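Note that the chains take the letters A, B, C, D and E in the order they are written out, and that residue 1 is the start of every chain.
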Amino acid sequence: MPELQVLVFSTNLISDVGIDSAGLMHFPYPANTTIIRLPCSSMLRPEWVLLAIKSGFDGVFVAADGSDCPYLKDCTERTAKRVDLAQRILRENGIEPERVKMAAICSVCAEPFANLIKDFIGNLEKIGSVRRGR
Amino acid sequence: MQKNDKKIGVYVCHCGGNISDVVDVKKVSEEASKMKNVAVARDYMFMCSEAGQKMIEDDVKSLKLDAVVVAACSPKLHELTFRNVIKRAGGNPYMYYHANIREQVSWVHEHEKEKATEKAIREVRAAVAYVANSEPLEKITVRAEKSVLIVGGGIAGMRAAIDIADMGMNAFLVEKQPFLGGMTAKFDQEIFPYGKGSLKLVNDLIEELKKRHIIVVFTNAELEELSGYIGNFLAKIRIKPRFFKESCKDSNLESICPKKVIDPETKEVRSAIMMPPFEGAYPEVPAIDTNICDFCGQCAKACSAIDLSQKEEILEIKIGAVIVATGFETYTPKQGEFGYGTEGVITLSTLTKILSKKGYLALDGKKAKSVAMIYCVGSRQEKGNQYCSRYCCSAALEAAISLQKAGTRVFHIYRDIRSYGKNEILYEKASIGGSLFLKYNPDSPPTVIKNGGKLTVKVKDLLTEGKEVDLDVDAVVLVTGMVPRENEKLNSIIKVSVGKDGFYQEVHPKLKPVETMISGIFICGTAQGPKMAVESICSASAAAAKAASLILKGYTELEPFVATVDPNLCSLSGDCIKECPYNAIYVYEYEGIGKKAKVNEAVCKGCGACVAVCPNGAIQLMGLRNIQIENMIVNAGGFND
Amino acid sequence: MLLDEIKKMGAFDVNACCSCGVCTAICPLSENGDEFPRKMLRYAMVGLEKELLGSPQLWECYYCGECTKSCPRQADPGGFMMAARKYAITRYSVGKIGKAFYNKTLAPLIYSFLSVFSLIGILLISRDPNGTAIFTIPEIYIHLAGLVLGTFVIVIVIANLAIMYRYISGTRKFTKNIEAWVNSLIRVIIKEVIVQERYSKCSDRLRRYAHLSLVLGFILLMIATTIDYITATRPISGIVLGFAGGIMIIFGSGFFIYQRLKHREPYSIHGDFIDWAFIILIFLAGCTGFSLDFLTGLSAVVMMYIHLTVVFDLIVTAPFTKFAHAIYRTFALWLKEVQIK
Amino acid sequence: MTKLTAQELRDMLNIKIPERLAKISKEQATARTKIISAISDRPKTIPEISEEIKMPVEKVTWNIMTLYRYGVVEPVEKTDEGYYRYRVRK
Amino acid sequence: MSSLFSKIIERAEEVSEEKEFDAVVIGAGIAGMEASLDLADMGYSVLLIEKEPTIGGKMFLLSKVFPTLDCASCISTPKMAAVAHHPNITLWTYSEVLKIRRDSERGYVLRVMKKPRFVDESACTGCYTCEEVCPIDVPKELDFNLRARRAAYIPFDTAVPKIAVIDIDNCILCGKCERECPVNAINFLQKPKIYTVKAKSIIIATGYNLFQAEKKEQYGFGTIPNVVTSMQMERLLSPTRPFNHVLRPMDGKEPASIGYVLCTGSKDRTVGNPICSQVCCMYSIKQAQLILGALPLADVTIYYMDIRAYGKGFEEFYNQAQAMGVRFIHGRVAKVEKGEGGSVKVKYENIDEGGKLETAEHDLLVLSVGLLPNCEITKVFNGISLSLDEFGWLLSPDPTNPVKTNLEGVFAAGCSTGPKDIPDTVVQAASAAAECAAYLKKVNIIAEER
């Protein structure tokens, strides 16, 4: 089985800082992650999740801003809407909706991020890779 | 597809081993050099160094690179650095992507060197995909209002206002209380080593303030609303009436007022009429506390200067920047915390107030012969405030010196005496003056017992082999620290983020100590964290300097990362307009196309919320267009190669 | 208050102490379990009088000044130890008589009184039964007077030591083995009185020799006097010993007087009446006693009177003045040896 | 070839080179040669080199680290005692 | 012995053309750079003078900085680059202010000497060839003598400007560098140049001196091997470290146990410095954390008097160090002695543990040296005097304006007025820039009115 690959969407001002702080404090998490920064997690277009899975990623983790978001107070709700939509799209395409997950990562959430991403990858392992057929 | 003739340079930083100890940087640059459009890929010890920058600069010039990728530390540190490098080399600074392979790769995957290298390659691949689709952007120039709003009229706020005025800008100073001076005016204590009292400091600043007519002071006023963006903020200020047209000669006014209340801070009885609290206070005109006053009108009968018909006003002002100097509050111990609530147990702030008035401490009319001071109350706690409040050790020592001068013996029950810098002299002075220092372990804190009118402090003194010492004292002073001011309303207006300790969070303690995540809003003084008076003043003028370097020119430049609508794709679904939290999108009549959505660039903050909801992908973020993200997603993994 | 009492005796700067522990760690004599001077300072500052007076460590210090030189706050811990010893002498003394000697007006009065008293006594004793030769003294009277005096002093010293023992036994426990007590005493007398081994750990060598020569000088003189007394004549052994003892005392006390006048070392900077009285009396005793071997006739007699007066002053006041440290130190070191850890 | 400016300055100011410097330069050169030859057969730790060429350890460390920074030698492995072995960089 | 450099100084030539600036900033450490950048951003012309061949002061030599643990280079090097490239900043390195006098018309007039590098600044590419061929090894000051540099050298890998310089007092004028230089940049005939500079205002950012550890004889620095200063340790821990790892300077062994002696040269009247240096506690705690990162099995013990973790995030950082296993012992080290096999013995009283007298042995002992004033600059003031406080730091007489000195138009930034950590330094530097800008505005208005 090829190693699972996870795409992480982070946000410039908050969750990316949180992910950085995991680095600063040396909280390890699996290396089979790739991180793409957005300004705010509510920018996520649901179809990008499908695109990621189709491009070979086994899961998408959305590190949302949570209540710290400097742009929007209701950032979490908005992002949740996008992720709901993304799950619907995945389902419509015959893909497990569990492949996308969101969580609010604050700018000092070093350990929570490391744990969440470990859990997420652990869950994905149960589903397996999307590239299993290849 | 996009035109694919872009020349890209990829630069991988070792960060002096921070990255290269884990990531095989040579391999990353080798892989990068094989990527599409990459003209050159190099690695170097310190990309951010002068030599590293020069390397990129030279490459951009000689190889005519269109775009650059640097894989190094977090973009929060150096994205700007490298954008400037490209600019210097004559390129467009936005044809750039900063891949984070330190915080997000080498520092977290130390034990998986190969996988870390692979991740770094993926990050670089995504970055190359990004810049391959990037296009030159220009900064958005916005005219900036050469005036600054300062929130808080304590020493920091006043200092900032004076500096703003002196540097050639208009200053608006807003103070919630009826008088200027803030906390410093309440504790008249000598400022070491200046030999000047803090009240004198406040008075000096007020005098300076009064000299400058360019400074507009609003007391009894609050920031009600803040809209706009750097250089062009619109602030609404709510000014409560003072009900006094001018100063009133009759000094009996306070007793005429039938309403009496115990002031929560001074614990003294006062009326609804608030007289200037100290000589030289500003404004000199008294004010009526509307929280208490029931408009019985008795005072108005006594004094013609009182006009109870005054109404609240709301003022709108245009400003270019905001400096937040809202200060701190003192920690109030919980009932029973080190005997708090028992008679004779007071806080440091109460003690300083008493000392500034009387010069000695007397409870029940008798001068206290001995006083025990318990340090770190409300600071350095395992649960509660973890931080050190910085000023309290020195302030307590200063108070001890005054007490000793008045013949009172002082016991200091402390954890660490933090009289840093020149304040060490205070520690020495207090010591020589007869203070006894006893060190306690936080695991077995001192206890305060009141037995038959006698206060006893029991402390296990680490300095004396941990022996339990009983101190019979006349008073116990709890050396209380600073806590962040609770100001939900203001926080929701200015939207500056708050750190774990509850104080406003600066962007970076060393690089940007007074800047906030919101450009154009600065923090200073104790609003940012505990500080001594002089340090507060320094940070205030630092904030003024930073505001000046942004708006003094009369214009300011904004990053071009704003949303933009392709009117040809727009179906005017209205989703984006609903989605935008800043009301930056409106309907606009495009020539020859008709009514479509349009973005106000200066108001747009570039959050991208609109991007997600557009059914047609007509609205996109400059610098992060959908095609760029999509290309990053498709190429990052390299699974399709 | 305890600290104020001690400060009166010379610990002027002790308040500056911030408990960094350098004094204890730099002290060549301080050892694990019996640390000083910082602990002594703390006892005094916190007001733990029993702990302070119950600390044999007070007597371990020779005031070499290392602690004072390295004190970052210039709190003069060495000076404190000195003052604390003075305080202890007053507290250990029967009926707290010792306190009078540390009073700036009382002390000179006491000394004057004692001197006059002794002179009169000597004159009285020296009266010939025939009433003619006033200035010839039968030595037997002198020796007798000395014996009475000695007994008196010894009784007081023992009483003082009992008080000291009570304090020290309040802070530590001692072995019940008598043999150990005896062995320790011998060991202490040889090592700490005769050889002064511990003192060699202090850096100032000359000072150690001066102190050692003072102590040995006293011992030699004591032996010489005893020989004189027993033989009732002046055998050559007694003369030689007396001669040597005299020189040693003059050198020792001369050295300390010189140091005090120079005011350079920490231990010689402060000093009040009682310190000066003690050292000058020793010096005088040495000089007068020594000169007796060279003088004849009337001058010898006058010198003898002075000598006797000085020695009288010294011995009678011994349990209450600095002189007492010799016995307290020996006792403290002895107790330390027999203590159960 | 034109005269070196170094030579010109020497002549102009009539400079004699202090013996101290001449000695340093000679000593350094021999120290370096000795160290390099000591590790040419196999990598050695600093105490080993010091033992072999009879040079105080402090001096060997100083020179090894200088040579390391100038890229002449490199560390190879760490011994159990916590010393690194150095060899000449190829 | 008159040095060669002094002979060359005699050859200094005056530059007749006068230069004019709004502000002169003396000292290009982090404070000087910050103040210069702020003023320059506001549009004022700034001359930044640094006496060393590279700017950066002491910060760029540090490893990582507390309490955020980001690398010092990452913060200071971009600032250095920004200073070098700012259009409003003129940067003179390797230059000394000889004299400053007041001129009623024009503010201040300075005489500044640009010392010769003996290298053509415009030609040098910083290729290191001269350093490689130079036969003279000299202790490298910027590595605190832990290794050598050459008489011809480039000060530092991240130096700005990255130009070679020849240390003429250690040069034997052999000419090797001159022959080998690929761009023929070396020129021994360069002379010092003396400029007259007019400035409306001056900012003094001369920073601090480190306490010279050998002055505290009991601690054995310079006589006992493996006793190092905290600055040397800082270098050992930094990514540009002089050694291949964190090793003992005596025999290159990896230290298994490291001790820190706090308050070396601070809070100590025996060395004449009664005040606290403000940063030693924190940098020692930081170094302890870094050591545990580099040598996970090492024991680190910190001997302290009071831990002064007073700033934002400091207490949390201190707690973190305790959680990582750093030992904190309350007790000032009294004496340091040489132990077996290069170890170092320290004697102290463990005060909080019942006041026991203890001796500990460490592989490496770090003396956390304090900060002392570096206010030599006051000597160049001619006809006017710049006041110092009782501790020798620049006097700041007015708490309402702490960056002001006793002279009008002269401001103090950073550590010149007292010891400070980096955040405070940066804040104070910006503050000095603000006050300076306010002063310049006033001066300009007066000038216009005339």
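Going forward, a residue touches a chain if its C-beta (ideal position, glycine included) is under 8 Å from a C-beta of that chain, and two chains touch if they have at least 3 such contacts.
These numbers were taken from a predicted model, which means no experiment stands behind them.
By the document's definition of touch, common neighbours of chain C and chain E comprise B. Path length between chain D and chain E in the chain contact graph, taken as the least number of steps between touching chains: 1.
Looking at chain C and chain D, the chains that touch each of them are E. The greater number of contacting C-beta pairs, out of the two interfaces B-E and A-B, is seen for B-E.
Core chain by CA centroid proximity to the global CA centroid: E. Rounded to whole angstrom units, the spacing between the C-alpha centres of chain A and chain B is 30. Chain A and chain D have centres, each the mean of its CA atoms, that are 55 Å apart. Chain centres here are Cα averages; for chain B and chain C they lie 67 Å apart. Chain geometry summary: the mean Cα position of chain B and that of chain D are 53 Å apart. The set of chain B residues touching two or more other chains comprises 417, 428, 439, 463-465. For chain C, the set of residues that touch two or more other chains comprises 18-19, 39, 42, 73.
Residues of chain E in contact with at least two other chains: 68, 70, 267, 330, 351, 355. Taken in their complex, chain D has these residues touching chain E: 4-10, 13, 15, 17-18, 21-22, 24-25, 28-29, 45-47, 50, 57-58, 60-66, 68-70, 74-75, 78, 81-84.
Those residues of chain E lying in contact with chain D across their complex are 1, 4, 7-8, 131-132, 135-137, 146-148, 170-175, 178-179, 186-189, 225, 242-245, 247-256, 342.
Residues of chain B that touch chain E in their complex: 15-18, 45-46, 48-51, 53, 73, 77-78, 81, 84, 88, 159, 163, 166-168, 191, 193-194, 196, 201, 204-205, 208, 379-380, 386-388, 390, 393, 416-425, 428, 439, 441, 462-466, 501, 503, 508-511, 513-514, 528-530, 533-535, 537-542, 544-546, 548-549, 552-553.
Against chain C, the residues of chain B that register as touching in their complex are 417, 427-428, 431-439, 461, 463-465, 467, 469. By the touch criterion stated above, chain C contacts chain E in their complex at residues 18-26, 30-33, 35, 38-39, 42, 69-74.
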